[in-house]
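What follows is a single structure, and I will ask about it in a moment.
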Amino acid sequence: MLHEKIIFAGFGGQGVISAGKLLAIAAMKEGKEVSHIPSYGAEMRGGTANCAVVIADDPIASAIVHKPTICIVLNEPSLDKFEPLIQEGGVLIYNSSKINRKPVRTDITVYEVPCNDISESNGSIRAANMAAIGALLKVKPKLASLESMNTALYEGISERNHKHNPINIKVIEEGYKFIN
Amino acid sequence: MSNEEIVYKKSPSMMERETHYCPGCTHGVVHKLIAESLDELGVEDAIVVAPVGCAVLIYDYMKLDGVEAAHGRAPAVATGIKRVLSDKIVISYQGDGDLLAIGLGETIHAANRGENITVIFVNNAIYGMTGGQMAPTTMPGQKTTTSQSGRMADDVGLPIRACELINTLEKPVYIERVSCHNGANILKAKKAIKKALLNQKEGKGYSFVEVLATCPTNWGLTPKKAYDWLEDTMIPYYPLGNFRDQEV
Amino acid sequence: MSDKILMKGNEAAAEAAIIAGCRYYFGYPITPQNEIPEYMSKRLPEVGGTFIQAESETAAINMVFGASSTGARSMTSSSSPGISLKQEGISYLAAAQLPCVVINVSRGGPGLGNIAGSQGDYFQSTRGGGHGDYRTIVLAPYNCQELADLTLEAFDLADEYRMVVLILADGFLGQMSEPVVLPEPSGKKFNKDWAVGIGRKNKVASLILSPEDGLTKHNYVLKEVYDKVETEVRKYEEYMLDDADYLLCAYGSSARICKQAITELRNKGIKVGYFRPITLWPFPYDELLNASKGKKKILTVEMSLGQMVEDVKLAVNGSIPVDFYGIPGGMIPTPEAIIERVESYE
Amino acid sequence: MRGKPVIYTEKCKGCELCIYSCPKDILRMSEDTNKKGVNYSMCIDESQCIACKMCAITCPDNVIEIVKFK
Amino acid sequence: MSDKILMKGNEAAAEAAIIAGCRYYFGYPITPQNEIPEYMSKRLPEVGGTFIQAESETAAINMVFGASSTGARSMTSSSSPGISLKQEGISYLAAAQLPCVVINVSRGGPGLGNIAGSQGDYFQSTRGGGHGDYRTIVLAPYNCQELADLTLEAFDLADEYRMVVLILADGFLGQMSEPVVLPEPSGKKFNKDWAVGIGRKNKVASLILSPEDGLTKHNYVLKEVYDKVETEVRKYEEYMLDDADYLLCAYGSSARICKQAITELRNKGIKVGYFRPITLWPFPYDELLNASKGKKKILTVEMSLGQMVEDVKLAVNGSIPVDFYGIPGGMIPTPEAIIERVESYE
Amino acid sequence: MSNEEIVYKKSPSMMERETHYCPGCTHGVVHKLIAESLDELGVEDAIVVAPVGCAVLIYDYMKLDGVEAAHGRAPAVATGIKRVLSDKIVISYQGDGDLLAIGLGETIHAANRGENITVIFVNNAIYGMTGGQMAPTTMPGQKTTTSQSGRMADDVGLPIRACELINTLEKPVYIERVSCHNGANILKAKKAIKKALLNQKEGKGYSFVEVLATCPTNWGLTPKKAYDWLEDTMIPYYPLGNFRDQEV
Amino acid sequence: MRGKPVIYTEKCKGCELCIYSCPKDILRMSEDTNKKGVNYSMCIDESQCIACKMCAITCPDNVIEIVKFK
Amino acid sequence: MLHEKIIFAGFGGQGVISAGKLLAIAAMKEGKEVSHIPSYGAEMRGGTANCAVVIADDPIASAIVHKPTICIVLNEPSLDKFEPLIQEGGVLIYNSSKINRKPVRTDITVYEVPCNDISESNGSIRAANMAAIGALLKVKPKLASLESMNTALYEGISERNHKHNPINIKVIEEGYKFIN
């Protein structure tokens, strides 16, 4: 039974909230139960931004995720904050373009993905979040297919931003391919 | 090195703790002006009334007693405190939503009673804490999350000028509008804040200082561009200067 | 006899507050409690205190917040609609654990309603009309003497538990004059280390952002106080219950009517007594349950459509039947109506 | 050499306001980031500093101290 | 599947209101409900409606009073402290029998508290935080779909009974996005002969001075409506109760956690089900009593120190034991805690 | 007698019913000026928002739709009504406690939004309905039940001037202060009220008329002496006249 | 004889404001009381009335109508 | 057992509220249970003023009086209003100086007292209420003695008005004597 509790975390501008939302939409398209909630708790201003996405076969009890099964962290403060919270046996994908230290947990599977580099080498300075999603879909193919993600990109993003989608799709694919 | 002298440093009234403010947020500037003024006036036991707004934690950043008021009620809370502790300096620190929207009644009435308090009004033309909604001081055309095509004066009116409003009342002794959008203005702002606190110390009565401020985050501008926007857009509508100074 | 003074309920409460050492009053006019601010506006300056007619009830409760945060004894009063406007402030006071006294000389509602006495604010008073998990002590006097006595005591309770104490009176009680012996102050002293302005750089605040290590903990701190109050502060009066078959349960003005109905019913040979909660929160659940043992039925009498009756049911938890008689909208129940209802049980 | 800015870089939030305030234009943002992950302010030529305090006055976060040489 | 949209709870509620024909929204920013006014500020002008960011919550509810007195569908929304400020207005709306919808995306309290979701406003919502004898219908959704559906239905209920309908959501529900199928309008028409501006010289007022022939009568008029609503509008969901030994009772977000706990408890062989009130007022007392027949115990689960638990006790009236598990201050209970508690019954 | 012509009679918009006002109370005068103006403007479907104050029953005395607002909230209620019924004349009728104390926020903000409504402000320098407490407009030295030694400006401030306050805002189109303390002034008051209603009819925007009025009962004066007190005491502090008229 | 005031005495509240408003000083309060128990206004010399309407305009209670003779 | 429910009614200026209060004080001085409540209900402005006084041996349930045992009415509207409410066998004292019509009830005892005339003939235009009290004390001597009433006049009236008390006492006595 699928039941993944995913946290996307990074700086405000890194698009973690929308990455989470797109993933949720993709999974929803495949008939899964999904929820998405941005952190809006203690930290009012500055600091890290993050969101929690739950994707499951059964109805979701709580959208709040205390102990994620999967973490995608795009900057170092987020790594510091969430690495300790990941469930044993869980997955950590981290953005090695922006994070200098190595994760320390050994009871989880860690994927190092140079998200910004992947994004930039495909012509965008803003699609690091897409690279992370691509990697995630490879690591956890049950969450959603690449096709559903493409659909999500068109349904979940406002029309005037569709122009970025070809690059987004490209970056997702590259992120996907990066994992092997 | 004995031939070095520290000519500017963090005011002793400021705590070491870092603020939660966004980079370039001018709340930090106004905080330190208050702290410096208190230090220079030798006031060690001021009581600050915090608003509900981004500055809600001001008491965590300054070495003084702090009371957190409900949204908009800081002048009423300050009145309650000052009527008991008439020898303590009481500061009501408020944002534009707090002071001019929900708390307008308390603002005007505390001013009209001439409470011997100092009101520091941080006008950043937006609701900072709640994520950038329209404030009573939002500029015409300014886009906010609740005026997504820009503030339309036809529908929601024009920005309210606090100093001008309070200036219709008899009892306030000191009313001044300053800005904190660059060093020169910050220095002027400091003077006004210090004067407003001195007035209270001398028992003169109600003093009001409006500080034009920036909210880079919700304005969607860099701190520097926010400076420029303040200067180009706000100052023409909110003229700087003294509106009342009982001694003059 | 000689120290009895004929005093209006509102004035008795105001004078009792002054005896209790309250020197700060903030309020806004509203009938039927106007004699409280009017009395305070005259008396407080005489005793070196401060009276402010606030610009609104909202401002008034927040002035109380300010004064109370210095540790000074302060109060406000109003009537139903005005009390509704104070709910946010009361929640803030409760959250910041500030002691103060709020008097509600309640009137007919909802809305503007009328200015007669009513008990339609029981829910609001005992279940927190404001937001969040908090409680206020609620005291319900039934005559002018008790209104004075409880007002005095309210200040001690407020300081002891650092809570808002609400006096729930009604328009009849506020407007009525009765002989009153003014109470003596208790002389109790309370620690106010938490106050601002005493050189300790204290903070009085209710924002506690993080749920985990902040607000949840604080809620448990509050709960501990409330649990303590629930064991330590329960007031009630029992009247002619020993041999009674039926128990009337009523508070405030309606309890007075019950008293008369009891006399008349007993004259007719029907054995009735009453249980009169004086603290509405904490409600004397156990005591009422005890008192109800062996009775055939409880009749709850209120000047409302039925609010306290829920607490009565919670108290007896199904052990005996609970009936209700009430009249809303500023009417006072007649002894006849109560008698008739009780007679129908026979 | 009239003075110099002492920048507590770990506290810097990277707002760049000091940069624009300096009449001598001797402040720049770092390439590196501090622990917060932001580029911080630094003085590229202390010898030109006139200890005018503008950078410190402008900094909302009390990051800068100004030292004057006697 | 194709018409499911991933929507934030707040936005789903806002869009559902527009589908219901609501064209007048008055509100004031407060987290965690800001997406409602923000959405309305954009969408309402598109559909010919009016959005006003009021100067305060108090002004907002009174603008609703004005709009509603014309018969137009109007609404406001806020979160706990802001809802406290609306209490006087809600009492006035109830008194004047004006229909409208109020959404409370509640947060941790009391006081400023925090901005996480909480169920600490149950008392305020169901017992009238305002003054006087009145009721509001209270609907408690537990996911985004239901938040949308109930918001739509709320407008019909408001018009049908001429009552204020309160949607009690919480911060988690408001902030969360889930797949939502937007509901269809019911198309029902309602008589609004009482409205002003329709050429009948109508009055919308709540001052009824004389108790005898005025307010008391009016209170009985209101009571009649409330009695009608109590028979006609009771919503709840039963889940896995048939063979259950234990009954969990929870609403809103905490019911979701119960659902998960039930699955896990059943995996362990402990038979549990839940009863989820959807209307908090009228509370489904009889239905809960029925559902509880033959069960060993009820565990009420709330994100508070215990508020609905009183209604649960009133429902079963001592017929079976009622236990409580809750966590206040913006925390969400964990399934583990519930499981542990239920296991302790075995 | 066919050579007789009735040249003054009760306005058709007034109900027959007697008011509950005290003898000589000028609320009755203001009511009839509104009724006469509506009649003369041919408006039959105005909606009056009643305040909480002595005039709470205004809708019982005039042939129009009536909505009773909570204390101080009439401008918010009027806003709600007008935003739905933009073609109906909406009048917010308010006393000084209602408009300047508890309802000050609503007053200023409706004015600032420039709602197309007409606000009639009856300033009798006291809380009439509740039995004579101090109002924001109570005169210095004036004795009331909550200022028993006379209003002391040092403690509670000076009376608030509504027209002057509102005149600091941009959107109102018409602001005038009149009095109703004798025939000549009543006629001027009528003109102002009619103008304010006409403005609304023509869609011009927010109009505000402050009418200085008497409360013989709570002033403790005969109606005639109340006239004199108004003239001698109030008018010098509250100067009569037009503050704004967009057409001028 | 230009006109006259028609005073609906039962409605008069006895405030006396009309008395002071009349330029011809022809209004007086009655000795008798109406059903309300108050002395009411009456015209003591209609022949002097100039139909100026001042009394009627001043009356807060709509007690007076003015008739003009053509 | 003494249990009288008394209503004093008249115009605002006729001093009915204070007359009631003085009577209550006098009875209190004699150790009786008393209550006093002004009407503050429906009529906000104008109209009649009245108050209810209850004097009893036993504790008083309600200070509100729906059906008085005694009515003192000083003007005609008050007579109209309260005459029908008096309990069978009750007492009505009416101010014949100001009331032209005669009471119609025959099941109660009616006393006609020219209160204003008595007051005026003793040198005061304001003591009609005192004349009524005098009459009442004669009719219902158990309520309070003349001596207690004298004490009440000094305790219940603010010091600066004590100067009127000699006349008040005189008028009370004359009212008392008027009944025989």
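The first chain written gets the first letter, and so on, giving A, B, C, D, E, F, G and H; residue counts start at 1 in each chain.
Rule of thumb we're sticking to: a residue touches a chain if its C-beta (ideal position, glycine included) is under 8 Å from a C-beta of that chain, and two chains touch if they have at least 3 such contacts.
Remember, it's a predicted structure, so these values are computed and weren't measured experimentally.
S.K.: Hop across touching chains from chain B and tell me the fewest hops that reach chain D.
M.R.: Graph distance in the chain contact network comes out at 1.
S.K.: Give the chains in contact with both chain D and chain H, ordered by label.
M.R.: none
S.K.: Does C-F or F-G have the larger number of C-beta pairs in contact?
M.R.: By number of C-beta pairs in contact, F-G is the larger.
S.K.: Compute the distance, rounded to whole Å, between the mean C-alpha positions of chain E and chain H.
M.R.: 55
S.K.: Indicate the whole-number Å distance between the mean C-alpha point of chain A and the mean C-alpha point of chain E.
M.R.: Using C-alpha averages as centres, the distance is 34 Å.
S.K.: Using mean CA coordinates as chain centres, what's the gap between chain B and chain E in Å?
M.R.: The computed centroid separation for chain B versus chain E comes out at 38 Å.
S.K.: Provide the list of chain D residues touching at least two other chains, using ranges where the numbers run on.
M.R.: 13
S.K.: Using the touch rule from the top of the page, what residues of chain A touch 2 or more other chains?
M.R.: Residues 41-42, 44, 46 of chain A touch two or more partner chains.
S.K.: Of all the residues in chain E, which ones touch at least 2 other chains?
M.R.: Only 31, 52, 55-56, 58, 81, 88, 92, 96, 111-112, 114-116, 205-207, 209-211, 214, 330 qualify.
S.K.: Would you pull the chain B residues touching chain C in the complex into a rising list?
M.R.: 45, 47, 49-50, 52, 56-57, 59-60, 63-70, 73, 76-85, 88, 105-106, 108-109, 113
S.K.: Would you pull the chain D residues touching chain A in the complex into a rising list?
M.R.: 13, 36-37
S.K.: In the complex formed with chain B, which residues of chain E make contact?
M.R.: Result: residues 28-31, 34, 37-38, 41-42, 51-53, 55-57, 81, 111-112 of chain E touch chain B.
S.K.: Across the complex, what residues on chain E touch chain A?
M.R.: Contact set of chain E toward chain A: 1, 4, 6, 31-32, 114-116, 171-172, 175-179, 253, 256-257, 259-261, 263, 330, 332, 334-335.
S.K.: Quick one: in the complex, what on chain F touches chain G?
M.R.: Result: residues 3-11, 14, 18-19, 21-29, 32, 182-183, 186-187, 216, 222-224, 227 of chain F touch chain G.
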